[in-house]
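In the two assemblies presented below, chain A is common to both, partnered first by chain B and then by chain C.
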Partner chain A sequence: MKRYFHNLGEKIIVALLALSGTVTSLTVLLIVFFLFKEGLGIFSLSPVSEGTVIAVNSQNPVKELSAHQLKEISDQNITNWQEVGGPNAPIKLFRIDDLTEYFSEEQLGKDFEFVPQRINEVIAKEPNMLAFFPDEYLAKSFQGRQLQLDNISVPDFLGGTEWYPTITPAVQMGVLPLILGTLWVSFGAILLALPLGLATAIYMAEIANSRVRNILKPVIELLAGIPSVVYGFFGLVVVVPLIQDIFGLPVGETALAGSIILGIMALPTIISVSEDAMRTTPRAMKEASLALGASKWQTIYKVIIPYSISGISTAAILGIGRAIGETMAVLMVTGNASVIPNTFLEPVRTIPATIAAELGEAPQGGIHYKALFALGCILFLLTLIINLTVDFVSAKKKENR
Partner chain B sequence: MKKTKVKIFSLQAAGLLLITALLGACGSGDTTKENTEAGKSAATTVTIKGSDTVLPLAQQEAEKYMQKNAGAAITVVGGGTGVGISAMQEGTTDLAMASRALKTEEKLKLRGAQKDVKEVLIAYDALSVVVHPSNKVSQLTREQLEGIFTGKIANWQAVGGNNEKIVAYSRETSSGTYEFFKEHVLDKKNYASGILMMPATGSIVQSVSQTPGAIGYIGLAYETKEVKALSVSYDQGKTFVAPGVEAAKNKTYPISRPLYFFYDAAVDGKVKPFVDFVLSAEGQKIVQETGYVPLS
Partner chain C sequence: MSFHDGKSINKSKRLAQNAAFVIFRGLSFAVVAILVIILAFIIFRGISVISWEFLTEMPRDGMTAGGIFPAIVGTFCLVVGSMLFAFPVGVMSGIYMNEYLKDGWFKRFIKLMTNNLAGVPSIVFGLFGMALFVNRFGFGDSILAGSLTLGLLALPVVIRTTEESLKAIDDSFRVGSLALGATKWQTTSRVILPIAFPNIITGLILSVGRVSGETAPILFTVAAYFLPRLPNSIFDQVMALPYHLYVISTSGTNIEASRAMAYGTAFILILIILIVNLLANWLRKYFAKRVKMN
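== the complex of A and B ==
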């Protein structure tokens, strides 16, 4: 009887363990599915802001405009139809707010019931007009010609250099500056954190006596427990002005500031993982090296580091992973200007910061919302590549033994 | 998703009041949630969410209102106008604070969601254009501001200052201030892509105060001694007006805007007492005290 219960208890525990494993994997899969379902939706949308009509006079020979051309036109950088393949005539812009310049309130009707008709008249009358207006004001017998824009394509999305997700009439969704910004900041972070982290790890694993180590280890682990917004504050108030002074820059919010903060945040990971790897070096190997007359330093760089090299690479890669996904600290110190970075002393905008700053505003299901999910997909793929590399490197480590 | 929202929130509040607000931000992040849940049982619990510009005003009003009406509980959360309006659409907040009127897109969305939205004008706000205190420039025309924020003017020399690069700070796209500035100062042109985007008005003040070549825009109520406010001209440089409550009230200062509360007509009974309080003589006095411009 007792034995039966014992078995039953064990079975329940096994079943519970299996269940939690399944639930976890399913949750992860669902999140990934959701992310990609929302994100890939962007490629079936037109860049024209939802509910907006772009129309020209029916005589106008211009058949299509790109989102970029539309932005240049509304910024008045392109002012002549000739520049976009039309006749030599100035472009006359019409927005819904301009309606009162053409018509009196009486003509528009008390409840604006004549608005569609009036817009129709304006466009029919002005051959050089380019009009943007909400589609609820599109007249039933519209005489102008509506311009359709091509859907956002993958090369446009990945290779575009301008990120204007909320502008009218057509949004610009180029994520290249964001991807490069993310990689740039993470690269800088690892460049700073790896030498420092490695040195600390060597010191803790091989040189420090156990008393020093017992103090140092918890302190470093404490670094991992500080909330990232605190790092962000530290960066904004201390690191940013410091960088500005040292380099004599007009602005201190730069990729370098982000890299420094991320470097500090990646340190605990790098130190603990590489220290653990170094400590697994068999005692026999170390002693053999020392017995052959090698000094302590020679033992470290000829025996311990080569032995634990795959552990150290794992540490570096995990550190990069931590840096790539970090949101808050980066949002606060990098300036968030969406330009392609050339140096570390320029402001950059990263993918996580963009998602955090903009998701609250994006109307659910809209083009901006989907674009942010697509950015999430890109971030997911970046970290997936990193994780696969970790697996590959640690698999190699086992082979080596 | 949830995590991101909480994070955005703590960032916004944190930016406003620096470290002091940090603890508060984490704390109130939780209380908001509790209060929304509690809101179903107690009819006197009202949540307000949205524009960071309206935030200090709504907080003051809520405090006074709660002092007068024991038992009333009002939670005020920032995040940006857009955040407040989408929260209202999803029904997670009762009142949405806004520093701009509804966009056509939002109107269509709300109509689609079967919401009958009421709009209440509660006050006006003036935007100050601020620079570092050491900057020689003390006045700019609208055209010069447009040039600076669209990237056509890149050096302070071009507008009468020292030979120094202009560093322009803007709010993030979720901010009503961002949209308002674009519409009324940039003549609807787009910001330059190299512009620095800050997550909160407090961060703009912080950054402008420590960057000699900086220029940014903030709500009048956020003005501090660490930054210098510029006089602005909307008539090609004939008259320059310094920002201030008086100048905004008599409409001589050009960069001012209306502030709104939006709410679903379905919760009318719940929010009406508070809205009426804000519009009362006492509520409008608080508007003036907080640095905004009262309606009359």
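== the complex of A and C ==
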């Protein structure tokens, strides 16, 4: 009997352990599920700003407008219907505020109860009118034609160059500047961090004596432990003003500031991974090289570095991964302008910074909210690619041995 | 692992080597210098701000005066909450993966997932926490939602250190115990775990350091912009140190006036990291000695 309980106890424990073991796997799957469920929702939504009606006179032959065309019209860069496939006539814009130009206050009613009817009249009267107004003012027997916009498409989303998620009449959801901003800042960071990190790794693995190594190791661990918000704060109060002074810029919040801070943050990853890789070089190989008369330095760059090259590339890839996903530090120092960057001395905006800055203001379940989740999906896929590449590189390395 | 440069090495070779080594040494010291500059800057600017008042009072005057007490309490709650979740689950999965699971596709699958979870950016955890805990489960912005989100983030760290400390223990302990008639769990709980314990605690401490400084996952799951009171239940919002630093250094009502508060907050965050790292290093040494002794 006692033995029976004993066995039962063991079984319960194993079950508990197995449950815990699967939690992480479940978490990853749940993350994928929720991220993509919310994020892919963006592609079944129309880019018309929530609660906005876009209407034209019923005589107007234009059936379709894209979100981009709507923005251009709204900014008065497009002023003729001809440019969007209509007749040669100037586009007459009408916004809800313009109503007072057409009607007196009495005509609109004391509680604006006649507004829907008046809007209807204005649109019916003007054949070249394009009207944007809140849907609460849509008349029941509306005589104009409401324009429907196509849903946001994948190429629009990925290839669009404008990110204005909250403007009316139609939101602009192009993530290209954000993707490019992220990659731009991350590659800048790696360019700065890789030489420094590799040199340190070589020094620690092959040159330094154990006393120096015992100083360097905790230093690198500390660098890895400093919270990103503290890096961001340091960047804000030290690096940003410095860049502003050195380059004489109006603002110091630039891609360069982001790259410098991210480079520092990527250092520990690069150093520890590549150092580990160099340490695995078989002793026999090193000694053979030395026995052939090579100097220590020749051994390092002709034997050890070629041998550990896959580990070094893993280090670089992981460093990029760290930089791509970093949020707070970048948010604080890059200036967050959503334009495609041309130089390192311009402000940029990255994907994580966009999510962090905008999710708080996006109404839950709305188009902006979903767009930010879609950005999260892109970020997740980028890091997944990086992880899989690392797995692939290290698997290949094992094969080669 | 030492090299012996023979006398046959000619002069130019030696010159190249010396030049290379000087450069490498210089660059390595540059890395140290970066750390020293960052630490020194924040410590020197921050230490003068630290006072009893700063640590125990509510923020006042648009967060330009007073203290950071609610943020300290908030971060403490989040650390405890996330560890209550991540530590048991992480240690148990570590044990399961190292002691119980046989090599095969399932083990590879769990390993792959754990690695991927470790690589997921913290802002994605924030999105996930918001979608699942805040909205789907209806916890709202609360300590509970924030702790669970942070706990998931810390999970891979705990699992990895647990696994590593278990792997470091020689198989003869397991075989010996099993040969004496102990069951698998008896072996694990009475022989293996006591030896691995200090190193597992290192994982706990390191993840405390990680969790206490994370900002992105708590932005939308718990952190309050300004809330000068202490939480009553796990369904309350709280202020937290890292988010507080972000707020007062970028979007406070008066950024220049709250600089001193920001330096003080950054100093506290750095202090936590320093303590965590020292403690972890000390424990690791203790563990290394113990493994050797056995």
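Basically, the second predicted complex is superposed on the first by the 374 of 401 C-alpha atoms of A that agree within 3 Å, B and C clash if a C-alpha of one lies under 4 Å from a C-alpha of the other, contacts with A are read in each partner's own complex, and residues count from 1 in each chain.
By definition in this document, a contact is a pair of C-beta atoms (placed from the backbone, for glycine too) under 8 Å apart; a residue touches a chain by one contact, two chains touch by 3 or more.
Everything numeric in this text was worked out from a predicted model, so none of it was measured.
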Which superposed partner A:Leu359 touches (first chain B, second chain C, both, neither): both
Contacts of A:Val339 with chain B and chain C, given as first, second, both or neither: first
Partner chain in contact with A:Met328 - chain B first, chain C second, else both or neither: both
Contacts of A:Ala284 with chain B and chain C, given as first, second, both or neither: neither
Partner with the higher number of touched chain A residues, chain C or chain B: C
Which of chain B and chain C A:Gly252 touches, first, second, both or neither: first
Touched partner set for A:Leu292, first chain B, second chain C, both or neither: neither
Partner chain(s) touched by A:Leu236 [first = chain B, second = chain C, both, neither]: both
Touching both chain B and chain C, residues of chain A: 229-230, 232-233, 236-237, 327-328, 331-332, 355-356, 359-360, 364
Residues on chain A engaged by chain C in the complex (per definition of touch): 6, 9-10, 13-14, 16-25, 27-31, 34-35, 38, 195-197, 199-200, 202-204, 207-208, 215-216, 218-223, 225-234, 236-238, 264, 267, 271, 283, 286, 290, 293, 295-300, 321, 324-328, 331-332, 352, 355-356, 359-360, 364, 372-373, 376, 379-380, 383-384, 386-387, 391
For the chain B and chain A complex, residues of the former touching the latter: 4-5, 7-8, 10-11, 14-15, 18-19, 22, 79-80, 82-83, 86, 90, 104-106, 108-109, 150, 164-167, 172-174, 188-190, 193-199, 203, 206-207, 210-214
Residues of chain C that touch chain A when the two form their complex: 1, 3-6, 8-9, 13-14, 16-17, 20-21, 23-25, 27-28, 30-32, 34-35, 38-39, 41-42, 88-90, 92-93, 95-97, 100-101, 109-110, 112-117, 119-128, 130-132, 135-136, 152, 155-156, 159, 183-185, 206, 209-210, 212-216, 219-220, 242-243, 245-246, 249-250, 259, 262, 266, 269-270, 273-274, 276-277, 281
Residue numbers on chain A that touch chain B, as the complex places them: 49-51, 71, 74-76, 95-96, 134, 136, 162-167, 177, 229-230, 232-233, 236-237, 240-241, 244, 250-253, 327-328, 331-332, 335-339, 347, 349, 355-364, 366
